[in-house]
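Contents: one structure, followed by commentary.
Order of writing sets the chain letters: A, B, C, D and E. Residues in each chain are counted from 1.
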Amino acid sequence: MAHRLHLDDLNLSPGKKTRLHRLLYRSGPANGTLMILPIDQGLEHGPRDFFDAPESQDPNFQFRIALEGRFSAIACQIGLAEKYYPSYAGQVPLILKLNGKTEIPADESPLSPVIASVEDAVRLGADAVGYTLYVGSVRQDEDFQQFRRIREDADRYGMPVVVWSYPRGSAIEARGGKDTIYAVDYAARVAQELGADVIKLNVPKLEPEKLIRAPKAYQRQWTQESALQEVIRSAGRALVIFAGGERSAGGTALEKAEACMKAGAAGLIFGRNVWQRSLSEALSMAQSIREMLDRYAV
Amino acid sequence: MAHRLHLDDLNLSPGKKTRLHRLLYRSGPANGTLMILPIDQGLEHGPRDFFDAPESQDPNFQFRIALEGRFSAIACQIGLAEKYYPSYAGQVPLILKLNGKTEIPADESPLSPVIASVEDAVRLGADAVGYTLYVGSVRQDEDFQQFRRIREDADRYGMPVVVWSYPRGSAIEARGGKDTIYAVDYAARVAQELGADVIKLNVPKLEPEKLIRAPKAYQRQWTQESALQEVIRSAGRALVIFAGGERSAGGTALEKAEACMKAGAAGLIFGRNVWQRSLSEALSMAQSIREMLDRYAV
Amino acid sequence: MAHRLHLDDLNLSPGKKTRLHRLLYRSGPANGTLMILPIDQGLEHGPRDFFDAPESQDPNFQFRIALEGRFSAIACQIGLAEKYYPSYAGQVPLILKLNGKTEIPADESPLSPVIASVEDAVRLGADAVGYTLYVGSVRQDEDFQQFRRIREDADRYGMPVVVWSYPRGSAIEARGGKDTIYAVDYAARVAQELGADVIKLNVPKLEPEKLIRAPKAYQRQWTQESALQEVIRSAGRALVIFAGGERSAGGTALEKAEACMKAGAAGLIFGRNVWQRSLSEALSMAQSIREMLDRYAV
Amino acid sequence: MAHRLHLDDLNLSPGKKTRLHRLLYRSGPANGTLMILPIDQGLEHGPRDFFDAPESQDPNFQFRIALEGRFSAIACQIGLAEKYYPSYAGQVPLILKLNGKTEIPADESPLSPVIASVEDAVRLGADAVGYTLYVGSVRQDEDFQQFRRIREDADRYGMPVVVWSYPRGSAIEARGGKDTIYAVDYAARVAQELGADVIKLNVPKLEPEKLIRAPKAYQRQWTQESALQEVIRSAGRALVIFAGGERSAGGTALEKAEACMKAGAAGLIFGRNVWQRSLSEALSMAQSIREMLDRYAV
Amino acid sequence: MAHRLHLDDLNLSPGKKTRLHRLLYRSGPANGTLMILPIDQGLEHGPRDFFDAPESQDPNFQFRIALEGRFSAIACQIGLAEKYYPSYAGQVPLILKLNGKTEIPADESPLSPVIASVEDAVRLGADAVGYTLYVGSVRQDEDFQQFRRIREDADRYGMPVVVWSYPRGSAIEARGGKDTIYAVDYAARVAQELGADVIKLNVPKLEPEKLIRAPKAYQRQWTQESALQEVIRSAGRALVIFAGGERSAGGTALEKAEACMKAGAAGLIFGRNVWQRSLSEALSMAQSIREMLDRYAV
């Protein structure tokens, strides 16, 4: 099995270490792995994500799943954090997402504007902040500068930074799109270079017909395993968590997730694949994930 | 009847709760519902809105209606607040609108610039601030960042934030326009995600020929009732108030308004439909609204 | 005769009232009306405005006219204020213009950049600040935000704000141009909404062939009198002063000015029509204006 | 001979007067005139300006000329000021240029970005700061705002401001170009209006075929003398210095320079025309200038 | 042999001198020359640069080379500095790169956004900061302003500034491209003018067919030696270090490097040409460089 980073490998400041320790060893699997429940889709995709599972439209539903499903943390925007988190404060760790956008305007040059601050996270008792970085966007200069201010504040307050590192924009499309190993690999490295502590990546897809438009160095045979290991290496001393993606059959999702863990991932972030179910199904899914993660303690 | 939010459900800070309590229980219907009189049309549409009711050109007219018609609050821009509100201070609560624009330049990528601050609102003794958010505009990144600074100041001073959440811009037009259930629903959620305490929405229109351009999830049968309930749910723990819209026959307007209350709205915001009338007609209209709202006490 | 606002009607802070009182009752006609001498054309139009009256190229000429012609105040930019006003300090009140631009670049989306601060005005002993607002410009969002900072500083220091409210830009042209009653009327209201204490307007022109492109509500018969009264009403509790415009025969200019006063204006701002003359002619013109204003004491 | 401004005419603050007094009466000709050596061409034009006089590539060469040629001051950017000025501190006054750019990108909408601050100038012991203003550029709004911050800091620290006032950009080209009396005249006035203490102008060229595109008021017979007097008058109470321009025969350059002084200029700024020579030739040129300036003491 | 600058020639502040002295005399060759190991390619080019030397994907590999190969310093971005440098603190000096970008979006108007601060460098114990300047880019005004803030902070904290001075953008392409003597020469001067203490340049290429598009002054016969001497002179009192470039045969690279030193360079910056090798080869390459540099002690 691949090498897996330990918290002690990260050279973190005391504040970051304290908070990340809580996420890794005091909640969720509590074995050094991460299991995050995100509920930022209401902003990113709109209410349509909730239509097939009506209960999920009420944010309290996700907070309840996070608590009863024993997730390491719930990740959401400031609006939900202010209105729903107070009832769960101290019981479920919070990752405050600091930027976000809707899917409405065209996405050729995406930038996710900052709508909350590290200070908001401190004030609310959050254990980490989240930031969505659009690697390769024409507006990456604004993105980098915007991220810099978050990173600096996070350093000042000892707050771990989770980067949703997404290759995006027309230049990425021209090189094969956001799901190639090339795109995800570069995104992982960029997040590392800019100072992420935890990096959320999407699982690269093996589509040779797309990869052919990527730089020459990537023109080789990739397996799911080698691709996962590659992007995890590109994240360096940042913990990598992989997305569960859209709702799919529980078994398939778990297999994919375990492949990530085997390749060295630090954990998983499962949103729609968990909360687009009834409460009991969601909790059962959570339990399956937790049991799987128990085999990857660090 | 639909569930209606109570002030205690909102997890507000003491400052926000104090001020919102004044709006809900110490003025207007004083029964937990809201009845707001806005006079921001002079900036948004220009003086033309006053031509059919000449008295209405004098802002003092609206302040007088707010007082004598026992509205929960009057909402206006800084210029009117500074020149007219002093004579009504303590008698009519003030919601200070913080941004606004004219209708003159083209509206494909709208952004409503901030022209007053939360500090102005505190200084003037206002009980809430208002912000117009153009959900889906190409400039939504600027809008979100601008709103963030308002939201942070409002958190700092304990000032409730009322968001006029308007789907707008060319991308919204391409998906069926600003009045579809899709557009209003997304706008409601966005305002919730960004941290609104009260959300002003327009009543969605049931126009199947437009809705067809919206995302697939919305391709279903909607009734006025189900549409209203949907957008209220999308607002989460923010109070929803609906617009009375342009002047229309009093009976029709009240019926529409009552449908909103039945669906779970927290209140109404009636501008032109009230003050584009003579004083006596306006006060009579106000009384009808109040009597109706008395049936929806929380 | 139309109602005329009194200083006490404006609900001003003590600082603003003190300074505006000086302009209204301690200098110029000293009867509650205003008679302003602007010398900002050197920046706005360039030296060409001085060619027909060579003495006028020396800013000292205008300061001398302001003093000897007993104007309520002189209005100029920071450069002239710093170099010429010191010799007149205490003798002629100063209105410091805070923004300005040249006429050289194309004017489709005008914005007048800020080149001095309210603090400069305080430091120099000015009694008001001036700001040029281009209502309807594509860049009105920047303009509003820029004005907001001036308005806030003016509130902080108790400094009256005079807004030169000019409809401008391609969208205004498309609706009939900057001189229609529609355009001037909207500009008056916008200045009021944004917090002006005094509003400088141009006299609307009655050109039906242009007005036809304005919104429907304006499609009615206007007289000079009804048009002036309309725009003055749209200014609400801000004092309105009208421009004397380009140099014209003294009699004509005075007649036009008196029509403004009759309609309820608070005063006049005469620049080129005064200082594009010899000193003796300019002083004689000033005396005529003053005598006329004496008939409109408030 | 034309009237020449005296330091006492300028209404300067004590700090500005102290520093400008040093430039006018304690260094260079020390008779109330200015003789400035600029070395900002390495940034503006690149090293190519040094190719015909290889010694000039070493900035120390210009500092030596400034000292041994007894110039009133040397003007340069922060990089040279930090590395070369220390060896000359106290011996040659420094004018720190605060903005600059390369000639590489297209110049249709020029803006010269700020690369040093008034505080840098104070820290280095400079006696004035320099700023290049591109009058008429489409980006003049940014330029004015940028200059405003410099002007305010200069007021705060009592630091004289020298404005290189250059008409530039496509709108200027459309009106006959940067060298017409129209363009230079407007540039002079703008610098005055914005608050310059000293204005550097280029000598207007008498090219009727270009002037024909300028505003009507300028369509008259100009002589070199009347043109120079006009632009000097447009500078008001700011001292005007004229550029020596590119290297030319010493005699011609001096004649042109003396015409400027006769017209009322306060001094000269000679760069390439001095340092694109051998040291001995440069010093001899400097001596000729000084001797000429001695005839224009103020 | 060409003249070589000594630390004492640079007129540095005590803080800058202290830190640069450590780089020149307490680490690396410790003879007044510089030998820098950069690892910023992971951000600039993406992980593809590591594919031919898999060990190099782990930043620890470069830190180890820097230490065991006795480099003067390692240069990297904030992410690597925070996670890897702590283990080497005190043993290998750090140059913190403050800006960077990916190669993904089009490069016609490049700007490298700032992602870390001089304060970060101070906090981490770095001995210099690095900044990439794109000379000639259409966005050079933003670049200059961005650099200014770095330069000012560096002056405040006594932190030496290393400028990666790169001619770039469409206007540079139109003049023959980024590698002509013209382009590199101008870049060297610009970095000097803006306040660099150390300037990293690429070795100019002698391609007459490209140079023909450069300004006339550059149309002469250049040798590698005269070209190198020219650009070093254009750097003035800033130390010049040359890039080793892409991996090439060790001998060739060393010859090229020695030519730079002979021409007066202060040192070398070797990245891929060192770390795209096995550890032993890399260390052997480092030793060869060091031995060569020993012949150029200052």
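Throughout what follows, a contact is a pair of C-beta atoms (placed from the backbone, for glycine too) under 8 Å apart; a residue touches a chain by one contact, two chains touch by 3 or more.
Nothing here was measured: the structure is a model prediction, and the numbers come from that model.
Enquirer: Show me the overlap between the contact partners of subunit B and those of subunit D.
Expert: Output, common partners of subunit B and subunit D: C.
Enquirer: Determine the centre-to-centre distance between subunit A and subunit B, using the mean Cα coordinates as centres, and give it in whole Å.
Expert: The mean C-alpha positions of subunit A and subunit B differ by 35 Å.
Enquirer: Using mean C-alpha positions as chain centres, tell me how far subunit A is from subunit D in Å, no decimals.
Expert: Distance between chain centres, rounded to whole Å: 57 Å.
Enquirer: Which residue numbers or ranges of subunit B touch two or more of the other chains?
Expert: In subunit B, nothing touches at least two other chains.
Enquirer: How would you write out the ring of chains in order, opening with subunit B and then subunit C?
Expert: Read from subunit B toward subunit C, the cyclic arrangement is B, C, D, E, A.
Enquirer: Within their complex, state which residues of subunit D touch subunit C.
Expert: 10-11, 135-138, 140-142, 144-145, 147-148, 151-152, 155, 167, 169, 171-172, 175, 182, 185-186, 188-196, 215-218, 230, 233-234, 236-238
Enquirer: What residues of subunit D sit close enough to touch subunit E in their complex?
Expert: Checking each residue of subunit D against subunit E gives 40, 42-43, 46-48, 51-52, 57-59, 77-80, 82-84, 86-87, 100-102, 104-106, 111-117, 120, 123.
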